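In what follows, structures are represented as structure tokens.
Here chain A shows up in two complexes: once beside chain B, once beside chain C.
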Partner chain A sequence: MPALLKIILRRVALGLLTLLLVSVLVFAATQAMPGDTASAILGRAATPERLAVLREQLGLNRPIATQYFTWLGGIVRGDPGNSLVGTEEPVMQLLGPRIVNTAALVVAAAFWSFPLSILIGSLSGLFRDRSFDSSVSVGSLALAALPEFVLGLVLILLLAVQVLHVFPAVSMVNPQLSIWSQMHNLWLPAITLGLACVPYIVRMLRGSMIEVLESEYVQMARLKGMRERVVLQRHALPNAIIPLIQVIALNLAWLAGGVVTVEYLFNYPGIGSALVDAVRNRDVPLIQAIVLLIAAVYVFLNLTADILTILISPRLRTGLR
Partner chain B sequence: MSADDWAPATERPIDAGDAGAAEAFNETLGHDLEFSPARRKHRRREWVQLLLDALHYRRTQVGLAMFLFIVAIAAVGPHVAPYSPTEFVVAPYAKPSAIAKLGGDNLGRDVLTRVLYGGRSVLILATIATTVGMILGVSLGLTAGYARTAIDEGIMRLLDVVLAFPSIVLVLLMVSVLGPRPWLIVLIVGVTHAPPLARVVHGVTQDVRQRDFVEAAESLGVSHLKIAFTEILPNITSPLVVEFGLRLTYSIGTIASLSFLGFGMQPPAADWGLMINENRMGLIIQPYAVFVPVMLIAILTIGVNLFSDGIGHALIGLDRDTGSA
Partner chain C sequence: MSDQEGKSSFDLGKLGEIAGSKRITRRAVVQGAAAAGALAALGPFAAACGSSEPDTSASPSAAAPKKGGHIRSAIGGGTTKDILDPHRTYYDSGSKTVIVWDALMGWDQEHKLVNKLAESYEINADATVHTFRLKPDLTFHDGSPVTADAVVYSYQRILDPEMAALGAGGLTELKPSGIEKIDDLTVSFNLTQPNAVFVEAVAYYANAIVPVGFTTPNGAEGAIGTGPWKPISYDPGLQTEFVANPDYWGEGPYADKLTMIEFADPEPQLNALLSGSVDHLANLATSQVGIVSSTPGLKVLEAKGGGWNPFTMLIDKKPFDDVRVRQAFRLIIDRQQVIDQGKGGFGRVANDMYAPYDPGYPKDLPQRVQDLEQAKSLLKQAGYDNDLSVVLNCTTSTMLDDPDAAQVFSEQLNGAGVKCTVNKVDPDVYWNEGNYRSYPFAMSNWGTSNYLYLTRQVLFPTGPYYETHWKDAEWEKIVLEAFQTSDDAKRNELVSQAETIEYERGGHINYQFGSMLDAYTDKLGGLVPDNFGQSGATYQRYHLFYFV
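Let's turn to the complex of A and B:
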């Protein structure tokens, strides 16, 4: 299938191009701004001597293109530079354990919320316009509207502080131990993050379920006299599942961004709270690395979902431009 | 299936209203645009009709009531507040009393007063940000949809790049350089709305540009840009109303979140997001300083979302009616 391979390669190339542009944008926003990163970092503490030292350290005296390629080269080699704050640790050393923690949080959130939302969404499509469907509809509208930190605070008030006292309100993660051995710190952030995903998955699944149920092949199966259960199992569900790949990829990508406020709220030591701290400290190399990482996760997940979709759905394989 | 349908769905569809908006876009165009110039006179009446129809739905009524409740607090609040928002009235985290009906905040200021003052900033900033996003998204979508392939491809690719950043992350990136300024936040939140909006408008514009009245205008020598803005834009205003509501929900969420993170409104401003941040350490002793702003932000976002979803429903209904007539 050389044609198929060509399409996939084109998609990969497009993904790489997007990544490259993303890196240009991140770099341009932080390092190439009018005004000087060094004086922005030092703020009121800026003296001519300190400015000169910091400019040298950041390589701000070199041409902007050289700065960009040096930086990009470092990223590609897995070394986005050193933090500007405190002990000036290498960024990767700072981020390593935090990436693991955030990944654990995202996985925990997806683990409970994706299957549940898929179930609710399918049922909602199946019982379209009945009372179950309309209450799910209003519920997910409300849930979709709430910012994550509001959702998290409602949960804290209900489950940790005021009404019940089931969970700790703040994560006290021991950095010496693996996050899996201190699961109690994961519960509330994972519930919050997972809940924020529910309405989107429910919506998409409901939509694709309705589309499949109204399709000709399902009508045909019914006309053949198949039992409804068999129609659903053999024809409806497998086809409603295809868009699921996109759904899962999109929501995983979104979770990677949604961690910012949730981690900050629960004081959870992941990349989201690291980003908030880095912005507060104007720790430019750390900010660049985290923002690039979040955007790269998004591009990568989208790319994977697209390729998987092309591979498994014959209709798209032939219908592509 | 047009090329755009197959483009990776890079933004999470929002909800029924969003799907409804896209559907409505296509349905409106299906039958409206052929008669576009002749029907323009009736446009305003149809727009009013849409709002009236939307108000038949329970969710629109509830949503509108919730939204107006918040607007009323923001508008009237500062005039009826018992104290100044920066005045120290009671002890820090004082319990509710006759002096301070909702208790004191982390510095002993009156929570009720700060709540009454704290809605304006988020409402105003979110509205401007959404408007900026609408203008950007619609202009870019129309231009790309009408331009020749290279410009079209260029604009849409660049928008894909912006899509790769969650809006709060993009704002944080810019704030880290330029500081937490209201104009910057409004601008960047607006920029993050542009790609999804441009996509919708782009798809529609491409469909429309082969239609008879557009080709007629082209053969008369009317410029492409003028056709885009005078022939196509007036026909998609109703669906854009729905989009505005949805985008407003998002703007409110992002701007409130920024204040909560400490990068939005700066102390000593009275702002709901900021209040939550300032007072959450006292959650156990004095929950009202957090609970009340949390509830008000929730009422606002849920209200706007319900309202725009109702309009989305009405739009589909409206189009079905005229479509069958």
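Let's turn to the complex of A and C:
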């Protein structure tokens, strides 16, 4: 399918260009921030002498363009460089366990919330304007209006601190052990993160279900006298799934970014809290690596969703030929 | 001072207010980030860590402390930038280094000088030679002996400009050539100028003793000190695990294991304590006191430190070049109100002077109180008739710095006919290159230390924190004489005179001495408040904690 390949290649090239632009923007932003790594490290102790020593040691005196292109050269070779602070560990070594932690959180959140929201959304579309549908609508609207950190705080109060003591209120992940051996740290942040996705998926699915059910081919099928079950299974659901791919991709991408606030709230040691740290320390290589990682996840998920959409929608698939 | 002691006790009415004012907002979360950043700036105020000599009488239960257990402590402010290096503690926001390494001298919880690794200390008549003798049979965590060579190596490392060591600022009279090994346990410091309080710099926790050949460790391995706790794992910005050092030279440690867990935000830090995930929380925010005190099984510990957040006036810049304006400002401030509204009610009213635990601190000078009439008349004499306007600069950070207090004082100034606006600056810019020293009217913050030690850093033009542009011939003569006076009584008298001069015409408005708060479960005993008052109310004295 050379046409599809061409599309993929074009999208990949565009994606790489996006990432390059992101890296320039992020680098410019780090330079525009007040202070630099040396002043962030020293804080109150920032005397001119100490700053001079640290700036020399950290290579902050080099021209800005040199700093950027040194970094870019590293990235092209697959080496995102070393952190500027602490013991100047390689960025990948620093991020590795945190990427695993964040991935675990995102997967756990998606694992429970996506199927549930899809189910609720479809049912809600099916029973349009019935009491189930209206309560789902009200509920999901209310949920959508809550920022995820408020949601998290409410859940902490309800499930960990005040009313019930079911889950730990914070994720005290032991960095010496793997996240899989301490899953209890995952529950509350995963519930929070997942809940934040529910309203979007539910509303999208409901809308798309309604649209499909009102479509001519479903009416045709009904008029043919097909049983409702068959109508749904054979005609409605497959067509309602197509926008679902986009919804899932968008929500997964949102999870990868939205995880920052939730990680912060639960003190969860993932890339989100690493990003907060990195910004606070003006640790440019670490900031770049994390932002690019999140951006790459976005680009990749969108690309995958588009390709899948093309592959499973007959109209687009045939259009390629 | 003593009549102020009661004011910061836990008044229930006040707690209600605090609890009521606690709201969950996005701003609170964002402020947490800034606050945590500020904690990273802890370094220079941390004057010393006193590991007390056995003092069980101070602990609430008289029974002998039980051995064993695992203390989990929630601390704030750690990030990926942290390293375990006692000489570069600006990298160590949670002050983990103070429990791994010891200096030769230190401070106890009353802020009195005590011996740590040093067994004895001698000073010659003109205060230029200071000789320290190590306790015999001290060992590092790896079993190697603590020798004079280690002391020489440590001080050479501190004085190395490449290290940008935090403690070097207090050792200006010491050159590497002045460090002299006398015998295996004795080291002399030969100073280029007399300094009768050189021992206070030696007691600074960042001037710790490391083994010969020590370099910044990568992780816990190589973090070899003499302190009560040995690190066994180190994940910067996440957690540090320690085991008890069975050969610790002082009292304790009673628990077997200690884990310090880093929190970027006070909210999850408190939740960890409330849900029983940790046993101790260092640095409780005043807004959280209400919740902790109303939770059964939890306690609050307050340490009445000597730390201070002064307003600084540049005495060579208009309008503060006129002493009448400076005195007028000191009469406009309503100290208790700033403490109540800007500090959540915690802190003790101060009298513009500082170093309250210095034996020379003039306790008997009359407490300055708000007197708007006199202030207005002073301003009039200085040529300002309700037409003075000033800008008060401070940082945006709420943890150690004090934008709230600036706001309250600014309103008080406006009420007294001085037009004042508050200019909040990002902490990175504010402290960067000592920027804050160029603002005519600004804020600063300091931990507990004695007077002369601080003058070197703050009041001499050569000091890195020359924040009031202080210059006064009479004062300078007295202070220089004090530096040369080995006799304690005579020197204390000189300190008292110097502080009195600042009381009369100095550039600081010091309205309070701050409190530090910890929260802990009542299963823990042995917590003793430390007047040092930084980095938590007990100042990391985990080795005295035990499970009851």
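What we mean here is this: the second predicted complex is superposed on the first by the 270 of 321 C-alpha atoms of A that agree within 3 Å, B and C clash if a C-alpha of one lies under 4 Å from a C-alpha of the other, contacts with A are read in each partner's own complex, and residues count from 1 in each chain.
Following the convention adopted for this analysis, a residue touches a chain if its C-beta (ideal position, glycine included) is under 8 Å from a C-beta of that chain, and two chains touch if they have at least 3 such contacts.
This is a predicted model, so every value here is computed, not measured.
**Q** Go through the superposed model and pick first if A:18 touches only chain B, second if only chain C, both, or neither.
**A** First partner only.
**Q** Based on the superposed arrangement, let me know which partner A:264 touches: chain B (first), chain C (second), both, or neither?
**A** After superposing on A, A:264 lies in contact with both chain B and chain C.
**Q** According to the stated criteria, A:148 is in contact with first (chain B), second (chain C), both, or neither; which is it?
**A** The answer is first: A:148 touches chain B but not chain C.
**Q** Once the shared chain is lined up, is A:92 touching chain B (first), chain C (second), both, or neither of them?
**A** So A:92 meets neither chain B nor chain C here.
**Q** Name the contact category of A:276: first (chain B only), second (chain C only), both, or neither.
**A** Both partners.
**Q** Is A:156 in contact with chain B, with chain C, with both, or with neither (first, second, both, neither)?
**A** Both partners, chain B and chain C.
**Q** Looking at the overlay, does A:100 come into contact with chain B only (first), chain C only (second), both, or neither?
**A** The answer is neither, since A:100 touches no partner chain.
**Q** In the superposed arrangement, does A:210 touch chain B (first), chain C (second), both or neither?
**A** A:210 contacts neither chain B nor chain C.
**Q** Looking at A:226, would you say it contacts chain B, chain C, both, or neither? Reply first, second, both or neither.
**A** So A:226 meets neither chain B nor chain C here.
**Q** Both chain B and chain C contact which residues of chain A?
**A** Shared contact residues on chain A (touching chain B in one complex, chain C in the other): 33, 40, 147, 149-150, 153, 156, 161, 169, 261, 264-265, 276, 278, 280.
**Q** Over in the complex, which chain A residues touch chain C? Could you list them?
**A** 33-36, 39-51, 53-54, 57, 83, 85-87, 94, 147, 149-150, 153, 156, 160-161, 165, 168-170, 172-176, 261, 264-267, 269, 273-274, 276-278, 280-281, 283, 286
**Q** Contact residues on chain C for chain A in the complex?
**A** The contact residues of chain C facing chain A are 24, 26, 29, 33, 36-38, 40-45, 72, 79-83, 90-91, 161-162, 164, 166, 169, 216-219, 233, 235-239, 241, 261, 263-265, 267-269, 271-272, 274-275, 277-278, 400, 426-429, 431-434, 445, 464-465.
**Q** In their complex, what parts of chain B are in touch with chain A?
**A** So the residues of chain B in touch with chain A come to 1, 3, 6, 8-17, 19, 59, 157-158, 160-166, 168-169, 172-178, 249, 252-254, 256-257, 260-263, 276, 280, 283-284, 287, 290-291, 294, 297-298, 301-302, 304-306, 309.
**Q** Write out the stretch or stretches of chain A touching chain B in their complex.
**A** 17-18, 21-22, 25-26, 29-30, 33, 37, 40, 137-138, 140-142, 144-150, 153-154, 156-157, 161-162, 169, 199-200, 203-204, 207, 246, 250-251, 254, 256-258, 260-261, 264-265, 275-276, 278-280, 282, 284, 287, 291, 294-295, 298-299, 302, 305-306, 316, 319-321
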